[in-house]
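Below you'll find the structures, each written out as structure tokens.
Heads up, the next two complexes both have chain A, just with different partners, chain B and then chain C.
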Partner chain A sequence: MLEIKGLRTVFPTSKGEVVAAKDVDLTMEPGQIIGLVGESGCGKSVTMLSILRLVPHPGRIVSGQVLFFGEDLVKKSPLEMRRIRGKEIAMIFQDPMTTLNPVFKVGEQIRESLRIHGIMSEQAGSWPWGARYRLQAERDKVIQLMEEVGIPSPQARYHEYPHQFSGGMQQRALIAIALACEPRLLLADEPTTALDVTIQAQILDLLRRINETHGTGIILVTHDLGVAAEFCEEIVVMYAGQIVERGPTDEVIQRPLHPYTRGLLRSIPRITREKRKLEPIPGVVPDLANLKYNCAFYDRCDAALPKCEHDELELRDVGGGRLVRCVLY
Partner chain B sequence: MKENNAPLLEVVDLKKYFYIRRSFLARTLAGARDQVIKAVDGVTLRINRGETLGLVGESGCGKTTLGRTILHLHRATSGKIVFDGQDISNPDRKALSQYRRRAQIVFQNPYASLNPRKTVRQILTIPLRNRGVHDRSQQEAEIVELLNRVGLNERHIDSYPHQFSGGQRQRIGLARALAMHPEFIVADEPVSSLDVSVQAQIINLLEELQEEFHLTYLFIAHDLSVIYYVSDRVAVMYLGHMVEVAPTRELFDRPLHPYTQALLSAIPVVDREARRERIILEGTVPSPIDPPPGCRFAPRCPQKKGKVCEHETPPLRDLGGHLVACHLY
Partner chain C sequence: MRGIKVLERILATIPIMVGIAVIIFIFIRAVPGDPVDLMMGEGGYVSEEEMEAMRKAFNLDKPVHVQLYLFLTQTLRGDLGESFLKQVPVTDLILDTLPATIELALGALVFAVLVGVPVGVISAVKQNSLVDRVSMAGSFVGISFPHFWLGIIGILIFSVTLQWLPTNGRLDSGLSIEHITGLYVIDSLLLGDLELFWNSFHHLILPSATLGAAVAAMIARVMRSSMLEILRQDYVMLARAKGLSEYRVIVRHALRNALIPTVTVVGLQTGVLLGGNMVVETVFGWPGVGRMVVQSIYARDYPVVQGAVMLYAFTFVIANLIVDILYTYLNPKIEL
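Moving on to the complex of A and B:
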């Protein structure tokens, strides 16, 4: 369904060009749930924004392809992209409070997506009666959507404003907007980070149900390995703008290959029988404008070899559906 | 593993209410009423010397307010606070400054809790002066020692907060608390704004410092994996009430309160064997303005017994070291 090839997104800065997404390759089947994990600044969000061509100025995509059902989104005109955003590919952002417009009713904001993409116009027929029927059809559909995402008493809530919704309800409203046109791909950028754990459980449960009933493919961006481990079929780990490892969830969690993934798993507190001391990854994330080594993880790596400094690195297939970018494999 | 004699801090029936006063006009013309937010509503708690008590709960449950009220950063509405055998519920100036010397706080947001216009030297000099260290060279020596102890380089002594990363700022916050040679530290979500690899560094540092300076922690967090890792005992709060207090292992193995059970089941965990049957709670946390009578959790409780839950507030009962406030027990 989705195939990203050699995607490179850069941001010019005073310190030089920052490559925020560096030769990202990612393929995805319809209906799959993929988790994109990594620390802040590793390029997860930029990759998502690049798919939708929403990289904020002055950032730009310099090379690569984003094939969505065989069509290259990078080459599309702005108008064609507008037809795809929200209809074929929808996105949910991290902070629902800032994503919703505070001065419009929640119901109207959900309806906007239906209106723009003209979802209800076929059923409504032609002018002069069409417009009214369409409005009614759209409102009915919004209420049905609100019900589906678990907003109680949707009839009344349609006319409420975002500030009258709790954080969890706002996130549900955003999911309703994203689902309005039944997209085939849903990009969820940290959808539960701003929420409490019990609400997070509700939202993840909802997303899973959507995946099962509509067959919507989901890319979940998260920094929480626990969320990724429970929710996703496959995990993609990013570091300094590059994908460093990819594989089926259980495999990656139980037998991480890349030293960075291993380090991450050793540094999180886990609820297990015996208490193990946390082992933080030494050093800090490198400055992306000034990468010294070919492998961005070289100076923090506990398994570094002399050849790591210069050797060309590529995302290698090591069998069992696993890919890793490291000279050790 | 840690000494377990007389309690260092005892809190009895502590209440902190916030009042929202309405104007005369609003009351007479619009019929508005003064409102009471019961942020902390009758909490009884004991913290033993040398232990780490983890305090968990969802946002708005009053955990931060409790931490601050204990330190007299908020004036308690009623209740008793006993620190090291001394009643400090209504301290005079001298007693309060004595108390603040022995009890310190580390704040959640390292970006907001350091004055951006002051250098590290200035930030750390204030507590030293309060402790009676006035000699310049001695101040400098102590600051250098503190910086080294929290893992910062002494050449940073004249840098400003914006020159540091989030993890480094949290280290400065920690150094500031340590400068007073405290016995008790309230750590209010000290790692929640940090990336996982940095989070591990700070958690390890906190544990080392505890060992070295015989500190007692009240560790406030919403991340249950972190709480599991650092705490000797865990206290669970819900809407201003303490619902369960137990030794960490006991609480995670045998949670008694239905809320604790739901909370624990909602944590996404990396390890498959640590997963529990998920209990998805309906709805969200009610507002602490005019909270429901009886058990605060009753409206969402999946194991509600009946009328008694709605009318009577369950007391915190001791079941052999495991305290729970629920009518089921």
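Moving on to the complex of A and C:
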């Protein structure tokens, strides 16, 4: 369904060019759930926005392909892109509190998605006789969507404004917006980061149910490897704009290959009786405008070899559906 | 619910108005020396009887608290005294000239919004482009150059050189119009007289643009900066991710939010447009309150000046009230 090849997105800055997505390769089948994991600032959001061609100015995609059912989105005209956004590929953003437009009723914001892609127009007939019928049909569909994502008393809440919703409810409304046109791919960019833990679990449940009932493929972006492990069939680990490891979830968790993935796993807290010392990865994420070594992880790596500094690196297939970008394999 | 709150707000302006009246009252009395002497000081020979009559007119022969009481009750009844010069009630004079001022202020406001909002939006959307730079330079001129200068340049270009627009009055001399609202542009339409409409409209353009230039510039700047801020918001990104056209993203999702700070500017400037038009009305011979005030100041016709000051203060209070009410419609988060 989705095949990203050599995607490279850059931001020109005063300190030099920031390569926020560096030769990203990714494949995904319909209905699959993929977890995209990495530290803050490693380019997860930029990669997602690149798929929709929504990278904010001055960022731009300089090379690569984003094949969606065989068609390259990078080459699409703005009009063609607009028909795909929201309809074929929808996105959920990180911070629900700032993602709904404060001046419009929540119900109307969901309805806009239906309206813009003419979801209810066919059954309703043409203007002017169909218009009133269409409005009603759209409202009904919105109520139904709000019910589906678990917003209680949707009839009343249709007419409320975003600030009258809690964070969890706002994220549900945003999921309703994303689901309105039954997209085939849902890009969920840290949908639970801004929410507290119980709400997190509910939202993830909701996403899983959507995946099961509608067959929507989901890319779940998260910096929490635990969440990804629980939720996704496949895990993609990003570091400094690059994919460093990719593979089936169980394999990656039980037998992480890349030293960075191993480090990430060691730094997750677990609830157990015995006290286990957390081992944070030493050092900080490198400055993307100024990468010194060929392997961006070189100076933080506990398994670094002298050759790491200069050797060419590529995402190598090591069998069993696993890929890793490291000289060790 | 909202209706009740609006009413509350309207009632809350009453003490403010009374306060303003008191301040004006104190101001007149705080002038050192006998106000009547002062007023008549340069007026040449004034008889003792005339002085006495004037003291009576201002109630200056009575104790202060009685004066205050009389002043307030008279003002509340709409009695602002009588013009020294024309011997007619100030209220009548103001009512005669107010429609012209309102027409000019509305014209200026329409001009300011029609120019300021699109310029601000386009500058923000095309930030740092040539359009943006030219607009912002233009807005600088609009804000910093005085009215009379803009007015005279306008007259030189559009009236003298191009001969497109008239320079004086509200209608060509010889024409007259039946007063309905007192706003000629509207009255002529109500009367169905297109010729009069064009005539009055032509007369309105140059004064409106002159008066509105500074406000247009201010709106453009506020609009630009709030638009730049809004365009970075997540909900604008969501609007794009929904598949909306860029036009719809900007006009429906961003503009509505960016208008909120702009409304404050517009509202406060409305007061300025109604009360700060002496120069423009004088330059263009526009028979409004502002020109009357200027003439009254020259003639030392204090009751008229005082009445106009009262009106201006009132206008500011009302403009503020309207801003507050409008705000709640634009921003659901804010309640009255």
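In the analysis below, the second predicted complex is superposed on the first by the 326 of 329 C-alpha atoms of A that agree within 3 Å, B and C clash if a C-alpha of one lies under 4 Å from a C-alpha of the other, contacts with A are read in each partner's own complex, and residues count from 1 in each chain.
We adopt the following convention: contacts are C-beta pairs under 8 Å (C-beta built on N, C-alpha and C of every residue); 3 or more make two chains touch, one makes a residue touch a chain.
Being a predicted model, the structure only gives us computed values, none of them experimental.
Once the complexes are laid over each other on chain A, chain B and chain C both fit without any clash. For chain A, the partner with contacts to more residues, out of chain B and chain C, is B. In the overlay built on the shared chain, the residue A:288 is in contact with neither chain B nor chain C. Contacts of A:40 after superposition: chain B is touched, whereas chain C is not reached.
When the two complexes are overlaid on their common chain A, residue A:175 makes contact with neither chain B nor chain C. In the superposed model, A:142 makes contact with neither chain B nor chain C. Contacts of A:161 after superposition on the shared chain: chain C is touched, whereas chain B is not.
In the superposed model, A:116 lies in contact with chain C only, and not with chain B.
Seen from the Cα centre of chain A, chain B and chain C lie 80° apart once the structures are superposed, a value rounded to the nearest 10.
With the two structures overlaid on their shared chain A, chain B and chain C come no closer than 9 Å at the level of C-alpha atoms.
When the two complexes are laid over each other on chain A, chain A has no residue in contact with both chain B and chain C. Taken in their complex, chain A has these residues touching chain C: 52, 54, 56, 78, 82-87, 90-91, 93-95, 98-104, 112-113, 116-117, 161, 163, 174, 177. The touching residues of chain B, counted against chain A in their complex, run 58-59, 165, 195-201, 203-204, 222, 224-226, 228-230, 252, 262-263, 265-275, 278, 280-281, 284-285. Residues 39-40, 166, 168-169, 196-202, 204-205, 223-227, 229-231, 250, 253, 263-265, 267-272, 275, 277-281, 284-285 of chain A are the ones that touch chain B when the two sit in their complex.
Touching chain A in their complex are the following residues of chain C: 233-235, 237-246, 248, 253, 256-257, 330-333.
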